[in-house]
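Below are two complexes that have chain A in common, paired first with chain B and then with chain C.
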Partner chain A sequence: MYGRWILLFALGVIAVLMASPLILTVFTSLKPSTELVNPAWYPPLSVTFEHYVRVWTDGGFSRYFFNTLLISVIDAAVMIVIASLAAYAMVFIEFRGKLALQILFLIGLMIPVTAIVLPLFQIVRSFGLLNTHFGVILADLALAVSVFVFMFTSYFVGVPKALHEAARIDGATEFQIYRRVIMPIAMPAVVTTALLEFLWSWNDLLLRLLLLTQDEMRTLSVGLLNFQGTMTRDVTGLSSGTVIMAIPVVILFLFFQRHFVRGMTAGAVK
Partner chain B sequence: MFLDPDSKWAHRLNPVLFLLPALTIYIVFAIYPTISVIEYSFTSWDGISPDREYVGLANYTRLFTDKIFWEAFRNTFVWSGVIIVINVGLGLVIAAMLARVWKARLLIQTCIVLPVVISPMAVATIWRWMYQPSGVINQMLETIGLGGLATPWLGSPEIVLYALALAHSWSTIGLSVIIFLAGLQAVDEDLYEAAKVDGATPVQAFRYVTLPALRPVTAVVFILTLTQSFKVFDLVWATTKGGPIRFSEILSTYMYKRGALENQYGYGSAIGVSLLVIVSAATILYMQIQNREDR
Partner chain C sequence: MAGLDLKNLSKAYGQVEVLHDINLAIADGEFVVFVGPSGCGKSTLLRMIAGLEKITGGDLLIGGNRANDLSPRQRNIAMVFQSYALYPQMTVAQNMGFSLSLERRPKAEIAQKVQEAADSLKLGPYLDRKPGQLSGGQRQRVAIGRAIVRSPQVFLLDEPLSNLDAALRSETRVEISELHQRMETTMIYVTHDQVEAMTMADRIVVLNGGYIEQVGSPMELYNHPATEFVAGFIGSPKMNFVKGRFADRVGATTLGVRPEHFVVGKADDSWEGIVTLVERLGHDTILYVKVPDAGVLTVSLNGQHDQNVGDTIYLRPVQDFIHKFNDAGRPIAA
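Take a look at the complex of A and B:
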């Protein structure tokens, strides 16, 4: 069975090619400046963390990191609440105009963020929220909420209606049913939402570029962009900054690969 | 929420209370800007002055005669085309290979999918560095004796768009592979057995069994890749800003320059609307195909 081995070998080559840009970046970030004359695929002969320290402290990446973390965590947490509440109403509560609402949320799946950033900037400004994390969070939530409303909706539809009925007969309010009965069994949807919204929020550049202009408010994406603009030749600094930005999501991905894969295929329209 | 569950008011109020947070944020920061971008596109607003003047279709007639817009338009389609060829073609091949392998499958799959979670900004930094005249790619070419092919990848007019498309594909092909893999797992194993009995080679089996069975999934990946690539801004902005000159200018970067940097809000919005129309049309198509598949 040579065929199997040829196949495995070809896939191995593809895997190495796919992984190499990341591996080379890590290599460079760990090299002492004297080793930069070596070809990029040489592993560092002696490992140094000085570039990380430099970028983290002088480069301002510690602030960028915690700004990014703050926005992403709040984004993910609030998204779980608002999207699941809305989806709960769409599935379990009878009211008029449900179809219209469904169509309204559907429109959200079709709006490319890129196309509406100009008026979005104006609205955030008119609320006095330019240069605030709150403004970015609101914009993030608005632009992704429909994806997650549909994600929760499709999960809730699979929950037996009898469960909801039984709780109603026991005299529970809708909110109690939501809290005590439905949400505890919706954990897979909660995890997917948290991971995906965190990821999108962590990675975005455009909205942050537009809405955060003061350096102390900036996120990793904008910080890295500016660093790249001013320190074009600082290869080790740039690669350290890139690794700092990539590491949290890479770790999350390695731990929750299956959730990510499911979420990304479901939320792929965004 | 705190009302007697059986009262008439509770019935009226419940859906409102549950929907209010999501709906308010969504309408104010997503629906309203979408309506606004259309409205802006009929004005000559500069984004600052308190009053805006309506100019009818002037921005759109200007679009039609704007050579840079058409260049950006053409570039966006070329860019999308290249990415579709790689993500659909190569994505399908990789998925088909991966489906036949058990050893080390998770490891290989992880290497292929991992770039999907990397921020476009980080992707931009990595590839800008690799594409440098003295960067890894040229170093590699020289080492294997192909130094003649070495070139400043992002600085050369004919190559820059393709070079960037390759970087984008690197960071997105994992998603196509996953979707194709899911599709492949749904193909009936008996069909392969039957093909084998009939003496089909693996390539023939792929051609006559796998491909026809995967047609709907292929359509999904196709349109998904199309819409995703049309929306790209971050990667291009963080590498070339549309340059050199206009050779990697796409609709989103052109809109950003006119609208956000030059304060031509009306005209920038007209470019935004063109993007909105193309992406929405493609997304509607995508959802219809998905619907048909679900049934």
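Take a look at the complex of A and C:
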């Protein structure tokens, strides 16, 4: 009897601890500047959206938001196509060098981004893609493709081979089988890929800081740095910027949570 | 419609050859059943005909044309899979019309052909349902419908009834036989169930260990098995094999007697045994009889009999129906 209450209390404490940064950020973003002298955990006595307006207009967040959205949406959409096609070939088509390619993807999983960030910068520069969204998208895709190929592969191996064979007997080409038979039943993997890639792209700072130096090309994560100097910190700007940045991800996750969890666990249990 | 010729067909995975020198001619419109134990290569042979497995030796001719290098689509065959392999995201109508939609046939034509096939398979009320909303038997009929809609040259069926319960299996068996009579298309059917083979086939191909053991009509195989293996595989309950003094008496290494070819005789001219188990099926009574020097024999007596476990019984094989085999398991001519 008491065990259950102790467990609930412990879980409640953990939940509050985990949610508290978000709650404090939202509180701060809604407080008038006069209330900033109060402790951070005080809720705003009078709610104001002035910081949001300031960040959105003067802070350049409208442009950053558009840039981030553009890069993230393209990242996610292209990643779904590339990773699913590669995984489809890995699972359903026999070809020479398949094992070598699998090993290559595996190596891709093991290399941390920070280890190759300088050569990556050189490559992007040598292609003349510095300060272009295209350059960032290419780098994003190249760095994350291994992860999503493995995710789609683990999903596709659970698809009965007989479906692929039945479609071949029905006269479908490999691309028709991919598009009309396999992909429609791989929606959990598609949604998971879209969400994760969108999330990674949306939140990434390192590549954007490195590859996008011009202000008009920047993204939200880089834009947030504008509110933080060496000696000063615009706490309300930072908080409202953070909330603006977090809202789309939270909304997306809430909408697709069910698919997301199913996609993440696909292949774990037969 | 088309006949098939399999000429010296073989299949190897690396160094391991799993099908050896298969020669078989299948006539246009014939219903041929490949039968054999698990791992004998029957499904592999079917998949080679379908184009799902590469042919590593010999020639496959469909309608007189070499088809070794043709894709499944170019072979114009249809296949029904053991697992049904229905597209779960499509409705029954979409499943059945998928091949036609790939050929970019007009929608009206697709709808008409799907409707015709659905009517013949009693699937009309289910056309808008997804496969997940159907029973096993209905799914199997959709899989057959998907094959019918294409009007293929050859139908291939890979153990299509093995996922159905006993009652539905015998019902669907009849439906497939009727379908064949109606369509008169060449059908190749794979099963490990010799009852299915006996009841449906024009000709049965018995495979064992990657070789064809015998090809013939069900009654040819039953009455004149070419090997001891075929004799044991065809017939239910299976044939009794007796070695030792009983076989020596008739000049054979092995004496084969089908359970239904024993009669209960008298003490002087019969084999004496003890009943160890009785199965009463109503129309038949199956006895398991322990006979010294012969082992436990299965005996099928027509009608209902009152033997019980522990009874002494005298059995006499009907001489006209005994099978004699030599050391190599080949029949000895009478």
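Following the convention adopted for this analysis, the second predicted complex is superposed on the first by the 253 of 270 C-alpha atoms of A that agree within 3 Å, B and C clash if a C-alpha of one lies under 4 Å from a C-alpha of the other, contacts with A are read in each partner's own complex, and residues count from 1 in each chain.
As a working rule, contacts are C-beta pairs under 8 Å (C-beta built on N, C-alpha and C of every residue); 3 or more make two chains touch, one makes a residue touch a chain.
Everything numeric in this text was worked out from a predicted model, so none of it was measured.
Chemist: Could you say whether A:Ala172 touches chain B, chain C, both of them, or neither, answering first, second, both or neither?
Modeler: both
Chemist: Under the stated touch criterion, name the partner, chain B or chain C, that contacts more residues in chain A.
Modeler: The partner making contact with more of chain A's residues is B.
Chemist: Of the two partner chains, chain B (first) and chain C (second), which one does A:Ile185 touch, if any: first, second, both, or neither?
Modeler: Second partner only, chain C.
Chemist: Contacts for A:Ile107 in the overlay, against chain B (first) and chain C (second): which applies, first, second, both or neither?
Modeler: A:Ile107 contacts chain B only, not chain C.
Chemist: Could you look at A:Leu199 and tell me whether it touches chain B, chain C, both or neither (first, second, both, neither)?
Modeler: It touches chain B, and chain C stays clear.
Chemist: Contacts for A:Ile123 in the overlay, against chain B (first) and chain C (second): which applies, first, second, both or neither?
Modeler: first
Chemist: For chain A, which residues belong to both interfaces, chain B and chain C?
Modeler: The answer is residues 168, 171-172 of chain A.
Chemist: Please give the residue numbers of chain C that touch chain A in the complex, ascending.
Modeler: Interface residues on the chain C side: 50-52, 71-73, 77-79, 81-83, 85-89, 98-99, 102-103, 146, 150.
Chemist: Considering only the defined contacts, which chain A positions touch chain B in the complex?
Modeler: For this pair, the touching residues of chain A are 3-4, 7-8, 10-12, 14-16, 18-19, 21-22, 24-25, 28, 39-41, 81-83, 85-86, 88-90, 93, 95, 101, 104-124, 138-139, 141-143, 145-146, 149, 168, 171-175, 178, 199, 202-206, 209-210, 220-221, 224-225, 228, 235, 238-239, 241-242, 245-246, 249-250, 252-254, 257, 260-261, 264-265, 268-269.
Chemist: Of all residues in chain A, which touch chain C in the complex?
Modeler: Interface residues on chain A, with respect to chain C: 160, 162-163, 165-172, 176, 180-181, 184-185.
Chemist: Provide the residue numbers of chain B that touch chain A in the complex, in ascending order.
Modeler: For chain B paired with chain A, touching residues are 1-3, 5, 10, 14-15, 17-19, 21-23, 25-26, 28-34, 36-37, 40, 47, 94, 97-98, 100-101, 103-104, 107-108, 110-122, 124-130, 135-136, 139-140, 143, 170, 174-175, 178-179, 182, 202, 224, 227-228, 230-234, 237-238, 252, 255-256, 259-260, 265, 268-269, 272-273, 275-276, 279-280, 283-284, 286-287.
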